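For reference, the structures are reproduced in the following blocks.
After this come two complexes, each holding chain A, first together with chain B and then together with chain C.
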Partner chain A sequence: MRATARVYWRLLAAGFRRQSAYRLAALGGLVANLTFGLLKVAILFATVRAAGGELHGYDTASMSTYVWLSQGLLGSVNLNGRTDLALRVKDGQVAVDFLRPVDLQAATLATEAGMSLFALIPRGLPSVLLGALVVGMRLPSNPVFYLLGTVSLLLGIVISAATVYLVAVAGFWLVETRGLQILYMLASGFLGGLYVPLALFPGWLRAVAAATPFPSIMMDPIDVLSGLGGEAHAAGLVLAQLAWLAGVAAAGQALTRAGRRRLEVQGG
Partner chain B sequence: MAETAGRLERLRPYRAVLASRARSQRAYRANFAVDLVSSLLVGVVELAEVWVLFTNVTALGGMRFNQILLVFGLADLAFSLADLSFGHLDNLPDFLRAGTLDVFYLRPQPVLAQLITSDISLRRLARAAVGAAAMGAGLTTSGVTWSPHAAVLLVLGLVSGYATFAGMFVLAAGLQFFLLDGAEMTNAFVYGGRYAATQPASVWTRPLKLVFGFFFPMAFTAYLPAVAILGLPGPQWLPAWLGWCAPAAALWSWATGLLCWRWGLRHYQGGGG
Partner chain C sequence: MNSAVGSGAIIETDGLTREFRVRDGRRKRLLTAVDGLTVRVEPGEAVGYIGANGAGKSTTIKMLTGILVPTAGRVLTCGLRPVPDRRRLARQVGVVFGQRSQLWWDLPVRESLRILAAIHMLSRAEENDRTAELVEQLELGEFLSVPVRQLSLGQRMRAEIAAALLHSPRLVILDEPTIGLDVLSKQRLREFLIGERRRHGTTLLLTTHDMGDVERLCDRILVIDHGRLAYDGDLPGLSRTVGAQRVLVVDLAEPVPDLTGLDGATHLSSQAGGLRQRLAFDAEKTTAAKVLAAVSGQAEVLDLTVEEPDIEDVVRRIYAASR
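Right, the complex of A and B next:
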C-alpha cells in the first residue's frame, strides 16, 4: 500500500518537475492571462456599474476577485480538452502504458496534478497578486475560507484532469476525439464560468451548468476562496465537488476497463 | 496584358497549394462536418457570453444588445476570415522547433507568402457565418439609417478589420522567432485582441484604450466603424469619426507586422540540419 502511494507520489513530483522546464512558456501564459484579465475587468465592471453597483451579490471589488482568481486558475485546470493521453490512445502507444504495473487513470491524474500544481507558481499566484495590485480586490478575512479554498482548489484541479481523461479514453471507441475535445473546450469554459460568473446566468442556464462537472472545476473553487455566501455554503460546495470527483473518476475507471478490450494496435 | 499574364503565372504555385489544401479538408466528409459544427459552436458560445451579460443589464458602454451585435458581428466576421487565411501562421513555432522552416528557404518565393498560402482552414467559414448573422441582426434591428455613407463605412470597416487582424497574425509570427516556447505570449494581442474587438471600447480604462485602441488597433476593426454607422458619439479619446480611419489602422497593423517579420527572419539562423 505504502509502496503504491510512493509510486504515484513520484509521478506527481515528476509532473511538477516536467512543467518547471518550460519557464518561458509560463511567462507567455502569464502575459496572456493578465491581458485577458484586464479586458474581463473592463466589461464586467461596466456590467456591475450598469446594474447600479451591485449585481447578484457582486460589487466591483468581488468581481475583481472573481476575475483574477479565474485567470490565475486558468494555467492549472484544463479547459481546452487536449491531453497527451488522447494522442497515445489514437496512435496505440497506450498499449505500452497498459503494460506498466500502475493504474492508467491514477498515473495520468497524478502526473497532470503535478503539472497543474507547478503552474500555480509562475502563473496562478502572479495573476492574483498583480490583479490585486493593479485593480484591487476583496479577500475574506476568515481563515476558514482559505483552508476550505485550498481543498476546493485541489479538488478542482483533479476533477478537471479526471474529466479530460474521459475525453481521452473515449478515443478507444472514436479514435479521432477532436470533435469531442472542442465540445469539452466550449462547455467547460462557458458552463465552468470562465468568462462570466455563473451567478449572472439566467436560471435555466445555471441549472444546465449545475448538471455538468464543469462548475466544480473553476467556479466552485473561486466561490469558496472568495468567501461569497458564507461558511456553510462553501462547505456544501466542497462536498458537491467530492461527489463529482467520485462520479467522474468511477466513469473513467469503467471506460478504461471497457476500452482496454476494444484497443486494437495496428501494424507490426 | 503580358504583364498580367506574367503575374498570374507567378501566383500559380500558390493557387495550386491552396486548392490542394482545400480539397484535402473536404476529402474526409464526416471529419469536415464535425469541424464545421464545432467551429459554428465556437462562434455561438462566444456570442452567448455577450448575451448573458445583457440578461442582467439593458446597456453596456452606451450600447444596447442589438447595437453590440453589430460590433460583435463585424469583429467576429473579420477575425474568422483572417483566421481562415492567416491563422496557421500560429504553427510557426512547430516548424522552428522541428527545423522544417529551412525547406521554405529553398524555394524561389518569399517565405511569408509561402507560409500564408501553405494552408487554408475552411472550417472557419462556419464561425464567419455566425459573425455575419450577428452583424445582419445588428444592422436590421438597431435602426440604422441607411445611406451611402453607412454602406461605405460597413465595407471599409470589414475590409480594414480583416487586414488589421491578418497583420496581427503576421506580427505574432515575426515574434515567434524570438519567443519559441513563449509562443503563448502573442495570444495576448491576437486572441486577446479578438476578445477586445468584440467589446464596446467605451468600457475600457485609459491604458486599455492606448493598448487596444491604438497600438494594437482593435477598436478600429469593429467598435469605431459601428459607432460611426449607428451615429453614436464615441467615448473620450475614441471619437466616432475615427471609424473612417479604419484603413489607417490596417496599414499600421501591416507595417508593424512586416517590420517584425523581417526582423525575425533575419534573426533566424536555421535549424542546424
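Right, the complex of A and C next:
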C-alpha cells in the first residue's frame, strides 16, 4: 500500500517537474490570463453597474474575486480538453504506458495533477495577487473558507483531469478525438463558469450545468474560496465535488477496461 | 495454476492469432497479422525474431506483453496470461521499442530512471545498485543530467535500454533496438546485451532488420512471414534450409580465363581480367578445400577468402519461397 502510494507520488512529482521545464510558456500563460482577466473585469463590472451596483448577489468587489480566481484557476484546470494521453492513443505511444505495472488512469491523473499544482506557482497565485493589487477584491476573513477552498481547489484539479481522461480514452474507439475535444472545450468553459458566474445563468441553464461535472471543476472551487453562501453551503459543494470525482473516476475505469479490448496500437 | 500451465517456458504460445479490420477504400477487410503462431522459448535463450515489414513481428510482441488482445489462441509469458495479468507481467518483462520512447521527454535521464524505479517498487539499495551498473555498462554518466529531448539518438537508445532493464526483467524484448544507430553504437549495444545475458541469465527476444544483430546476439532464429512461422532453428540451419551457397574468392598469380568447368562449383564473376574470381559452391555437397584443389589444378592461387552466406539474402529467399 505504501509502496503503491510512493509510485503515484513520484509520478505526481514528475508532472510537477515536467511543467517546471517550461517557464517561458508559463509566463506567456500568465500574461494571457491577466489580459483576459482585465477584459472580464471591464465587461462584468459594466454589467454589475448597469444592474444598479448588484447583480445576483455580486457587487464589483465580489465580481473581481470571481474574475481573478477564475483566471488563476485557468492554468491549473483543464478547460480545453487537450491531453498528452489523447496524443499518445492517437500515435500508439500508449503502448508504452501499458508496459508499466501501473494503472493507466491513476498514473495519468497523478501526472496531470502534478503539472496543475506547479502551474499554481507561475500562473495561479500571480493572477490572483496582481488582480487583487490592480483591481482590488474581497476575500473572506474566516479561515474555514481557505481550508475548504484548498480542498475544493485540489478536487477541482483532479476532477478536471479525470474528465478530460474520458475524452482521451474515447480514442480507443475513435482514434481521432479532436471533435470531442472541441466539444469539451466549448461545454466545459461555458458550463464550468469561466466566462460568467453560473449565478447569472437563467434557471434552466443552471440546471443543465449542474447535470455536468464542469461546475465542480471551476465554479465550485471559486464559490468555496470566496466564501459566498456561508460555511454549510461551501461544505455541501465540496461533498458534491467528491461525488462527481467518484463518478467520473468510475467511468474512466470502466472505459479503460472496455477500451483495452478494442485497442489497436496505431503506427505499428 | 499459471505456473502449472507454464511448465518452465518463458514464452509459450499455441495457435496465437490476431486479426485486424482494415479499411481498404470503401470496403473493410480482415487482415490476419499473426496466424496460428505456436512457439516455445526456454529461459536463457536468445532468440532473433525476423521477418519483413508487416510480417507480424510487432503484433506478436504486443500480444506477448499484454498490450494487444489476441483474436484466438493461447499465450503465456513468464507463466502469466499477458492481458489479465498485465501489471504482474510488467514487473518481469522489459521492452524496448526502437521507435517509441519510455523516457520522460522533458526530464533528465536520471529523473526518468528514478521514476521507473518507483514504478517498479525497487528498494533504495536495489535502485542504487542497478542504476550504477547500468550507468557504467551503457556509459550513461556523461548525459545523466541532460533532458531526454536534448540527447542524440545513440545516447537516447542507451538510456531507453537502461530504462527497460532497470527492474532486472527475466525477459527482455527488443523491437528493432539498433534502428538508425551508427556502427559503433550498434556494436556497444550488442556488447552490452551479451554481457547482460551472461551476468543475469536474461532471456532475449529481438526483432531486427539488421542481420549483424542476429549473427552476434542470437542462438536461435524464428522467421515469420505473413503471420506464420516460416523457420525455427539456428543460423547455419537457416542457410541450409534455403540452400544458400558459400562463395570462394581466389586471387591468382596470373590472369586466366573464367573457371567455369570446376566440379561442384559455379563461376560467379571475374575481376582484373581473371586475376580475381568468385566461385559459388554448395556446402552440403563439397568443401572449400576441394574447390580450392580443383582451382589449383588450373592456376596458381596466391590468396583466398570464403564469404559466408548473406543473411539478408537467406531471408529474402525464404520470403520468395513462401510467396
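What we mean here is this: the second predicted complex is superposed on the first by the 265 of 268 C-alpha atoms of A that agree within 3 Å, B and C clash if a C-alpha of one lies under 4 Å from a C-alpha of the other, contacts with A are read in each partner's own complex, and residues count from 1 in each chain.
The working rule: contacts are C-beta pairs under 8 Å (C-beta built on N, C-alpha and C of every residue); 3 or more make two chains touch, one makes a residue touch a chain.
The structure displayed is predicted, hence computed values, not measured ones.
Of the two partner chains placed around the shared chain by superposition, chain B is the only one that A:51 touches, whereas chain C remains out of contact. In the superposed model, A:102 makes contact with chain C only, not with chain B. Between chain B and chain C, B contacts the larger number of chain A residues. Of the two partner chains placed by the overlay, only chain C lies in contact with A:6; chain B stays clear of it. Of the two partner chains placed around the shared chain by superposition, chain C is the only one that A:260 touches, whereas chain B remains out of contact.
Common to the chain B and chain C interfaces on chain A are residues 22. Interface of chain A with chain B (complex): residues 22, 24-25, 27-29, 31-32, 34-36, 38-39, 42-47, 50-51, 55-56, 176, 178-179, 182-183, 186, 189-190, 195-196, 200-202, 205.
Interface residues of chain A, counted against chain C in their complex, comprise 3, 6-7, 9-11, 14, 17-18, 21-22, 92-93, 95-96, 98-103, 260-261, 263-265, 267-268. Taken in their complex, chain B has these residues touching chain A: 31, 34-35, 37-38, 41-42, 45, 48-49, 52-53, 55-61, 179-189, 191-192, 195-196, 199-200, 203-205, 207-208, 212.
Residue ranges of chain C in contact with chain A, taken from their complex: 20, 58, 62, 65-69, 83, 86-88, 90-91, 93, 95, 97, 99-102, 104, 106-107, 111, 114-115, 118-121, 147.
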